[in-house]
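Presented sequentially are two complexes of chain A, the first with chain B as partner and the second with chain C.
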Partner chain A sequence: MERRVPVIQRTPQILLLVTMLLSAESSWADREVVLVTSRDSAVESLSTLDIRKAYLGIAVLVGGEPVRAIRRRDDKQLNEIFLQSVMAMSLKSYERRILSLALKYGTPRPDQVDDAAALVGLLESSSRGIGYMWRTDAEGEDRVRIIGVLWRGR
Partner chain B sequence: MARPLKSISSRLVLAVLLVNAVLLPLLVYGLLTVVRSVQEDVFIDHVRIYARSFADMLLIKGQLQPEAELQQHLDSCVLSGRCVHAELDIDGTILTSTLMDSSDTERFLEDYHFGEHGDDVYYLSMPMQLGDKMAILRLGFDELPTQLQIESARRTTLYIVAAYVLLSIVLVLWLGSWLAGPLQRLRQQSRMIASGDYARRLSVTSDFAEIADLSRDLEEMRSALVGAHEELQKEITSREAAEAERRKAEIHLRHMHRLQSIGTLAGGIAHEFNNVLLPLLLYTDLALEDLPPDSAARPHLERVMRLANRAKGLSEQILTFGRQAEDTHKVAMDMSPTIAEAMSMVRALVPANIDIRLNLDSEVGAVLGDPNEVQQLVVNLCSNAYQALAKGGGVITVSVDRVTVSEQLVKAHPRLHVGDYVRLRVRDTGEGMDADTVERIFDPFYTTREVGKGTGLGLSVVHGIVVKHEGDIIVASKVGEGTTVDVYFPAADNESKAGMEGQVA
Partner chain C sequence: MTRSPHNPEYAGARTRPLFVVLLAGLLSLSVPAHADSEQDFLFFPSIEGFERFSDSDPANDGFEDHVMADFLYTLNSDRFRLLAEYFWSNKESELERLQAAWLISDETTIWAGRFHSISNYWASEFHHGVYLQTTISRPGLDEWEDNSGPMPSHITGLQLDQLFELQDGAGLKFGLVAGVAPTFAGEELVPFDMLDSNSGNESAFEARLIYQPQMLSGSQIGLSAARNEIAVDSSSSPDLADLDNIRQVTVGVFIDWEWAKWHLLTNWVYFDIDMDYVDARIKDDFVLAYVQAEFDASDKWTLFARSEFGFDEDDSPYLRLLPAFVAHRHMLGARWDFADSQALTAEIADTSTQGDDFTHDSFKELRLQWSAVFP
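Presenting the complex of A and B:
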């Protein structure tokens, strides 16, 4: 017969779990996702529609040059927030849309990077590159400039 | 321990159930996952696009609409059923329209996956840039309809799977019957053949080449076995017949030897008896010549003379049986007239209620024989036949024909040779004899008649005559049906031919 463990004996584990959940929520709650460029970028600001266009591969011109959208794949939370609040579609729909536009109209696919350092490197190499980061990360990085808030936690 | 045998149908059903038991859970799980995933993706896409569109609608040339109109839009969103909670945060000023309790919406746990927080509401926030400032639209969508759709799809999937399982079992049972049917018919036919119905053909039609081939091969095997069985039966029958013939010939030969021994013994006794009788007759005759006619002793001597003559007759008969008599005069004689003459004597002996039928073939040819002895033979045989008939009468048939003795008959009766014979047949419709009686009828002094009514030498004499004529005698009798006696005499031309062949050799 299975031996049942009294709830009182599991209290420390339960408390730890609740603490972790609450800390996770608070880390979400007070954070912001910001749109960044390189420090010397020609892009000063972009509307939400332009950001959506840029991340679908549709040309958005700034000073006659197209904006280069860079997407991050390493941070799942960041991506989920970006897809929901900015692109307003699920990951599958977004990737289908990208593929469809590329196949039908030859639009370029947005660049993808796997960490923040790679993003910063690409932004530095392009005067019209844009990316998104947590505000805390962006403020700790001298080589990037925040040009807009994409999402704010409650 | 022998494994229990299972039918093809049960095996197939078991196999299908096993395959289904392994694969169906995976399939069902996969289907349900896909259904759920599709429904959730559709929901998430729908709410995100709607939220974005709603947010865009609230803006006019990059600026928010007046507050009253914003509130109307939020109310419209909730009342239309598209969302259950709508909230617009403009730098701390919050406009709200909701169906939820305020306690539920205060925390506003934003969802990124369907059913993420278990509150049946999908919350999302949509930032709206207003120049340097930022407004945030927060919407809550009811997840319950989608959950019901997922549940409905899950139930439908399970119904379809259950129907599939049932249908597959029915189909497999039918398939098993279809597969096993010809094999079962083959088995039934094989069992009928095994039970002795060898003429039954093994014929099963099937769409399967393997079963059709099996049926054909089994039929070929059956044909070969039946052929071998028939050959074996013939061989057994042939051997049994040969064995019966051999046994019969052996019995006949033993009988002949016995008769020969008895004949030799009886002939010797009869010869010595004759040596005593002849002086007795001679001296009695002399005494009668010397006696005066009125002598009182004459009647006594005459009685002695009669009895001595009777004894001499008996002695001659015994000698005839034992082939001791020397007074045989064989001549080429025609059988039919000789027998017809003997039958005239027989007719005088038998009562009128006995029907005597003659069937004498005049073309039978001649035999080498003693006519007197042949006539005696006929009389003796007819006398026996007459004795065998009941008092109410009957039929005695005497026939003569010419026959060719075959090897088969020679095997059973070694005294005969292959060739032509004249056959005398005497048949009566009397009471017949059993096998033991038939075996002993040629023994001297053996009789079935009452004591004093027969000497028991009649058929012994017949046998002696037949032996002297180098023929043979075959008796066939059945109790209640009568007796047939066949006497074979070698045809004269046959004998002369054999003699000529002997001279040439």
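Presenting the complex of A and C:
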């Protein structure tokens, strides 16, 4: 014979599940991808077109010097959001585009790093370096400065 | 004997690695030292197997392999740019490009050196970066000179690139080239040899206009025009005995467009040719074209097809000088991208080359290829 669990006995589990779902929804909604530079950088802000140019290796000058764009390779979700929302390209299209520009015109490809710490290190060594991070990571790192919001969670 | 595009007997014997190393060394010394100079290196290796099943002459059946490596070196320093491309294969090796640029402004660049012709769409778009072209084979129209390409793919001289930024992110690119054209020897065009300045080459002029609806994307539509004076080495073949000079004028239109998962690539070129024989001038004109469609079935898989054809090309006196020229090809294929930057590609094709007389040599092709790019 099937034993039915009274609803009143399952209430704590249901409440826990609802709380977890609301919490997850809340953290997803709070997530943002931001454009960062080093604290002492000369870069104050960049238009979306300039960010796209910089990440294709095309010269974008700030104070007469080129901006140095730095890619992240380690965080798949972060990369997908950046490429879709800023570059308007898939990873495959983006890779082909920067290879094609390098092959055709000798256009320099953006630097690549494997983690956030390497990004911060590279930003510190360049007065015009830019990179992208989760806002939560950027806010926890006092060596970088947020200069724009690239994507905001729904 | 029917010539194969991959026959080593016909491949250019231009193996001068020592010269290239010395020249690159001298150029790198001449580059002004600058703290912000950037260097980059790309390596495009590929291995290709090619099986041919002849319809007209079983003696032409057979398997060939092609191992290739393309090395690209670039140096960027302030307003200076150096680009060197060296191609090696088990059939030939050659300094493909050696060009230096002065970036006059963000919109204007002047190049000097040896570069790929801007009126040869495939050469100027993919160069020898096999991994970047979805297909294994190149269209006959855009083939390299030593693979019986009908128009120049290497020019030595000056090139001006001018960019005009339009509204809403669109752009116009204008290119102008003045340089030295190939000569015609044996059964192929032969590019200018920088080590032999007395090789009798004549002039080449090219222009190209490209419109991009989004300047930073790959989609583009363009017009090209070229005028090449091609000196003929009359002693190199009995077919060229009384031929002094070939004047080749081309006008082309190309579209390279991406819509979601589809990619269309087509190029149509009208040839107007004067062949100056000792006692007469023969006029020739024809159109060569191809249409290639690609479909991204997934992130990893791409399906593609290409048809190559022409108008009035079958009895062209000029193309009869290029018996291995691929006049017609109807091809299907698939490509699998894996491991970041590697791809396996397969193609089947129904092909015919121009042939020695008025009859084409027809055959079926099966090609398999591994290609990659590092780093």
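Everything that follows uses one rule, which is that the second predicted complex is superposed on the first by the 126 of 154 C-alpha atoms of A that agree within 3 Å, B and C clash if a C-alpha of one lies under 4 Å from a C-alpha of the other, contacts with A are read in each partner's own complex, and residues count from 1 in each chain.
One rule holds in what follows: contacts are C-beta pairs under 8 Å (C-beta built on N, C-alpha and C of every residue); 3 or more make two chains touch, one makes a residue touch a chain.
Computed from a prediction, not measured in an experiment: that's the story for all the values here.
A.B. asks: Based on the shared chain A superposition, would you classify chain B and chain C as clashing or fitting together?
C.D. replies: Aligned on chain A, chain B and chain C clash with each other.
A.B. asks: When the two structures are overlaid on chain A, which partner does A:59 contact: first (chain B), second (chain C), both, or neither?
C.D. replies: The second partner, chain C, only.
A.B. asks: According to the stated criteria, A:92 is in contact with first (chain B), second (chain C), both, or neither; which is it?
C.D. replies: After superposition on chain A, A:92 lies in contact with both partners, chain B and chain C.
A.B. asks: With both complexes superposed on chain A, which partner does A:104 reach: first (chain B), second (chain C), both or neither?
C.D. replies: Touch status of A:104: second partner only.
A.B. asks: Between 114-122, 294-302 or 348-356, which run of chain C pushes into chain B after the superposition?
C.D. replies: Comparing the options 114-122, 294-302 or 348-356, the clashing one for chain C against chain B is 294-302.
A.B. asks: Which positions of chain A sit in both the chain B and the chain C interface?
C.D. replies: 49, 88-90, 92-93
A.B. asks: What residues of chain A sit close enough to touch chain C in their complex?
C.D. replies: The touching residues are 49, 52-53, 56, 58-59, 61, 65-66, 88-90, 92-93, 95-97, 99-100, 102-106, 108-109.
A.B. asks: Which of the residues in chain C end up touching chain A in this complex?
C.D. replies: Residues in contact with chain A: 36, 38, 40, 42, 72, 74-76, 81-83, 101, 106, 109, 124-127, 129, 131-132, 169, 216-218, 258, 296, 299, 337, 341, 373.
A.B. asks: Can you check the complex and tell me which residues of chain A touch chain B?
C.D. replies: So the residues of chain A in touch with chain B come to 25, 28, 47-49, 77, 80-81, 83-90, 92-93, 148-154.
A.B. asks: Mind pulling up the chain B residues that touch chain A in the complex?
C.D. replies: 41, 44-45, 48-49, 51-52, 56, 62, 89, 108-110, 112, 124-129, 134, 136, 138
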